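Got a structure here, written out as structure tokens. Questions coming.
In this document, chain identifiers A, B, C and D correspond to the written order of the chains, with residue numbering beginning at 1 in each.
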Amino acid sequence: MSDPVALELREQFATPEQQRETASAGMWIFLMTEVLMFGALFSAYTVYRILHPQGFALGSSEMDILLGSINTAILLTTSLMMAFAESNAQEGNERWLAICLIAVMLLGAVFLYVKFSEYIEHYHEHKAPGFWFEDSSPYANNVQLFFVFYFIMTGLHAVHMIIGIGIMAFLLFRTWVGSFSAQYHTPIVIGGLYWHFVDIVWIFLYAIFYLPGLHR
Amino acid sequence: MIEAVPVEVEKNYLTEKQGVLSWFLTTDHKRIAILYTVAVTALFFLGGFFALMMRLELLSPRNWLVSAETYNKLFTMHGIIMVWFFLIPSIPNTLGNFVMPMALGAKDLAFPKLNLLSWYVFMFAAAVTVYALFRGGVDTGWTFYTPFSTSYSTTYVVAAAVGIFISGFSSILTGLNFIATTHKMRAPGLTWYRLPIFVWSMYATSLILVLATPVLAITLLMVAVERIFQVGIFDPALGGDPVLFQHMFWFYSHPAVYIMVLPAMAVVSEIIPAFARKPLFGYKAVAWSSIAIATLGFLVWGHHMFTAGTSVYSAMVFSFLSYCIAVPSAIKVFNWAATIYKGSISWDTPMLYAIGFVGLFTIGGMTGLFLAALGFDVHVQDTYFVVAHFHYIMVGGTVMAFLGGVHYWWPKISGKMYPEGLARVCAIVVFLGFNLTFFPQFVLGYLGMPRRYAAYPEEFQFLHILSTAGATILGVGYVAPLLYLLWAWKYAKPATSNPWRATGLEWKTPSPPPAHNFESTPVVNTRPYDYEAMKEELDLV
Amino acid sequence: MIPSFRLFPDSASTVSGEVNGFFICMLILCSLMAIGIAALIIYSCLRYHRAHERAIGDQRRYNVPLEVTWTVVPFVLFVGMFVWGARMYFDIERPPDNAISMYVVGKQWMWKIQHPEGQREINTLHIPIGQPVKLTMTSEDVIHSFFVPAFRTKQDVLPGRYTTTWFEASKAGKYHLFCAEYCGTKHSGMIGWIYAMPRKDYQTWLTQGAAEGSMASMGEKYFHQFGCANCHHFNNQGRCPDLRNLYMRPVQISTGETIIADDNYLRESIYDPNAKIVYGFHANIMPNFTGVIQPEQVAEIIAYIKALGPQPGAQEPSNPGTAPSTYGAQKGLAGPGATSISGSEVQER
Amino acid sequence: MTAPRLSRRTYVFAYLALLALTLITTLIAYLNLGVWSTVIAIGIATVMASIVAGIMMHALYESLLIRIIVSGGIIWFFFMITLTLGDYISRGWLPVPGK
């Protein structure tokens, strides 16, 4: 029973292989629910963008494309770090695994910092929807609608990021107490899947909110 | 073999551990199923109480019992409780949880801790919703149509929406668990075409749970945001479109009716072969029709919106797709009937419920054909015709199957039999009471009685009185099983491991089963419902 | 003791007969199928009742030809139902050209109806029989639904835009008008009566009702009162588009799209003028009249704009907006000047 | 079947491709291509997402089951968006207000 894999094998499974594949399938199924969750918002956003093209173009022009691009690059880098974390885990290299996880967390925090500074900027410009929203353009209502979707979608993404950082902290803790080895590191793979997925969501958010903003 | 197995095993899942904590911290799918059963039964009677109040109010064309405001809250609460806190979790989380791992020959679900978490999430969601209801209630109807729900209602909409939002996570966790379990936890030799239809249907249900629920969650989130901040997501004065809400809501809620009825079909597809001692006719067609229903179910939501101001052309597409989904449902009905033909039919209680299900589902499904016809739907949309149609599917279908399933697996769950004679009488009472309640509503609907009316023109009164009379009978039919099953849990005679001589893997383990279901992992080398091959084992001729 | 118990509702419009026919055909077909299935099950239950405790049934598992039959035959039947239902739907949804146009505003919890001659009614609607009536409807608050069981028509009434329904009463009488979409506390009180009367009686009724003036003339009054006339000149010289011959004509807007100037577009242009600017004109010229002009007044202004265009009922072969086919043909005509191509006279009163 | 293993080189190549695509899509955003701007932006985003899913999440190397799950999620999203947009796009084809 000294085999770490056997220690981690749950009673309902027959083999570690079965357990690993089940966990991975479970995570992918969960991610598909996320696809539909963000998908619903994408659909609603698309409908309104077709209904109110001018207002949405105006709203989009308030975005800072530079900050958006930087944030995209940061998230892509975290994905690379996450992939390296997995490679290190497979090789049983716990020290580098921990370093990669820390890098993911730090870069994730930088992303959130940039994101929240953008939020504060929008708030100061009275672009946060609700009773403090102000817009002098003839399309004020539609601009507000754009910002509603902007805040809900990027906000939901930010919530996912915060959860992701929490997961990374948990994985780091388990790395630190020595739970993982070259044989058993499924949680790293599962956590990585989640992280990469949040990255994918951002790629689309970047495309629909930031990129159309340069031309009205 | 049946006589040979001694009834008392040293430890079963009920006696393995003792104490309250052993229940609230259990990860055993069977115990979680029982936790769920207790919860949904309580919620069912809560929702049923609201229904009874409504039926009493409708005895008179005027508001004689409750005010219009209270009546509106009653039907909203009835809908919310019944849809999200009874019908959706009813069969999957109770019977599905209990039976599915055993039907697969597995020790447990793939993720037992998630399963327990799902129960806690469900209970929390139920608590939030019940809090909203008792704090003052909600009067939007279970459909939460905007802009009424976002800007005009003065009731506890956000709290109710939050409750439903949370319950969605419970649904997702269950669905995810079932899908992973079906793929990865099957016993050796148990290939896809050797699975009982119960598993196929549960799998199809889980697909819908996983793919539809997040859309509801996000829709309700948007309603809550709109209601709190008044930012125009669905408010036309600010550029929003109330019809978009309907699209998003029905993208979930139409598939959701298949979440409710597919498990019922699953149960019936087990009961009929067991009590006809015959393989399910057209096994592959029935199996794939479940998947077809789960898929097509996502493509037909627009038929709730034929008069809502959507495009005529999109309505035509939705109407056509709605007819397409009637095909797999029809296939199932024909196959059940063909299974009964030339069987060795027993008239035990589960079979009575199953046959009742087939009859009522047929009527419910066929009236669906009326509703899918564009020109006809214009007349009956939002009338009692629709109310009757979906109650035939939801109550005549799902609740009948649920009761049938509870009786069928009762010996396995409790280790005791139930009073057969009384149970048969109750099954017949439920069937008759149901028809008396809801058949007059088809007539009412065609006459033009709109739904959600607290008061109504006098010419509809006669049919409403019939309906209320039926509801009273139905109420008795529902309370009685609760009482005699509770009695049976303690006092009835013990059950053997396979009292029905059925073929499923769950019947190869003692009643009640041990904590990890099987003494040793079963190996499967026969097709499902193979009475011929199991003749010896089941002591049949 | 049984108060007016019946199984069939009144059938009083030109479409109700076909809807009844469909219902009866479906009822017969479905009853036959249901009775067939029930008979098979009941027969089997009795005939094959388990003879003894250990008996098993016939072990047949499938029969491919049979299964294919009961898949294909229902599908064919269903397609037939779909086609019939869809044809009826087109009849119910598309008003004939010669329909009288009335405007309906729903609000919690009443129906307000305007006749073209200017009469206003609340929760009642008087209509002539043998004459199609088109209702253009909107809501002041939540979604309502205009439902007349005797006519077999129903249409949701939405806030923020117009929806349309129509009917032609075929039998004089008094019929229920219901709100079918749940709309709040007094939803069940939002009911009224439709009085279908012979044309002569209807004319009498019209003369009895004290109307200030026809909808179009009221609209003209408002057109001046709200200052619309200051910019919308009838000579193509103003800062705002010429409104002559605009109704149901194609208009090119600033995004390059061409749209039909229907009731919804005119309504939107009053409440949200910048949403669709006519090509060649500027945004921010016209004030937003939300909350200033009431929905009923908007309907009257639209009636006025309509009166500026081709006369109602005038047989113009190129009149767009009556059928999808001519709509396509009209697209080619569209251009910045599309609003002033016609030479027909401006109506002066 | 064991867990898919990809070399660090593969990851780095994927990462560089992603960065390059980010740069390209940002630069294209500066051109005014009308409707095409959005189409191209979504197109490039889809390519980037496929790289992340296929390589970083190694969906390309996973079992058939995983690939079915992924395609299921995407197909269902298309169900939703196509049928919803179908309504909005075809409104007004029948030139009757509100149809």
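One rule holds in what follows: a contact is a pair of C-beta atoms (placed from the backbone, for glycine too) under 8 Å apart; a residue touches a chain by one contact, two chains touch by 3 or more.
Everything numeric in this text was worked out from a predicted model, so none of it was measured.
S.K.: Give me the ID of the chain with the smallest distance between its Cα centroid and the all-protein Cα centroid.
M.R.: B
S.K.: When contacts are scored as defined above, which chain pair ends up with more C-beta pairs, A-C or A-B?
M.R.: Pair with the higher count of C-beta contacts: A-B.
S.K.: Taking the mean of the CA coordinates per chain, how far is chain A from chain C in Å?
M.R.: Roughly 46 Å separates the two chain centres.
S.K.: Where the CA atoms of chain B average out and where those of chain D average out, how many Å apart are those spots?
M.R.: Taking the average C-alpha coordinate of chain B and of chain D, the gap between them is 36 Å.
S.K.: Could you tell me the distance, in whole angstrom, between the mean C-alpha positions of chain A and chain D?
M.R.: The separation of the two C-alpha centroids amounts to 15 Å.
S.K.: Check each residue of chain D and list the ones that touch at least two other chains.
M.R.: 65, 72-73, 76, 80, 84, 88-89, 92-94, 98-99
S.K.: Quick check on chain C: which residues sit in contact with 2+ other chains?
M.R.: 93, 155, 158, 161, 163, 272
S.K.: Listing for chain A: what residues touch at least two other chains?
M.R.: In chain A, the residues touching two or more other chains are 21, 25, 29, 32-33, 36, 39-40, 43, 47, 51-52, 141.
S.K.: Among line, ring, star, complete and other, which one matches the pattern of chain touches?
M.R.: Here the contact pattern is complete, since every chain touches every other one.
S.K.: State the interface residues of chain C toward chain A in the complex, per the touch definition above.
M.R.: Checking each residue of chain C against chain A gives 255, 272-275, 283-284.
S.K.: Where on chain C does chain D make contact in their complex?
M.R.: Where chain C meets chain D, its residues are 93-95, 136-137, 155, 158, 161-164, 248, 259-260, 262-264, 320-322, 324, 327.
S.K.: Would you pull the chain B residues touching chain A in the complex into a rising list?
M.R.: By the definition above, chain B touches chain A via 106-112, 172, 175-177, 179-180, 183-185, 210-215, 217-219, 221-222, 225, 229-233, 237-241, 244, 248, 251, 516, 521.
S.K.: Could you please specify the touching residues of chain D with respect to chain A in the complex?
M.R.: 1-3, 5-8, 11-12, 14-15, 18-19, 22, 25-26, 29-30, 32, 37-38, 41-42, 44-45, 48-49, 52-53, 56-57, 62-63, 65-66, 69-70, 72-74, 76-77, 80-81, 84-85, 88-89
S.K.: Could you please specify the touching residues of chain D with respect to chain C in the complex?
M.R.: For this pair, the touching residues of chain D are 92-99.
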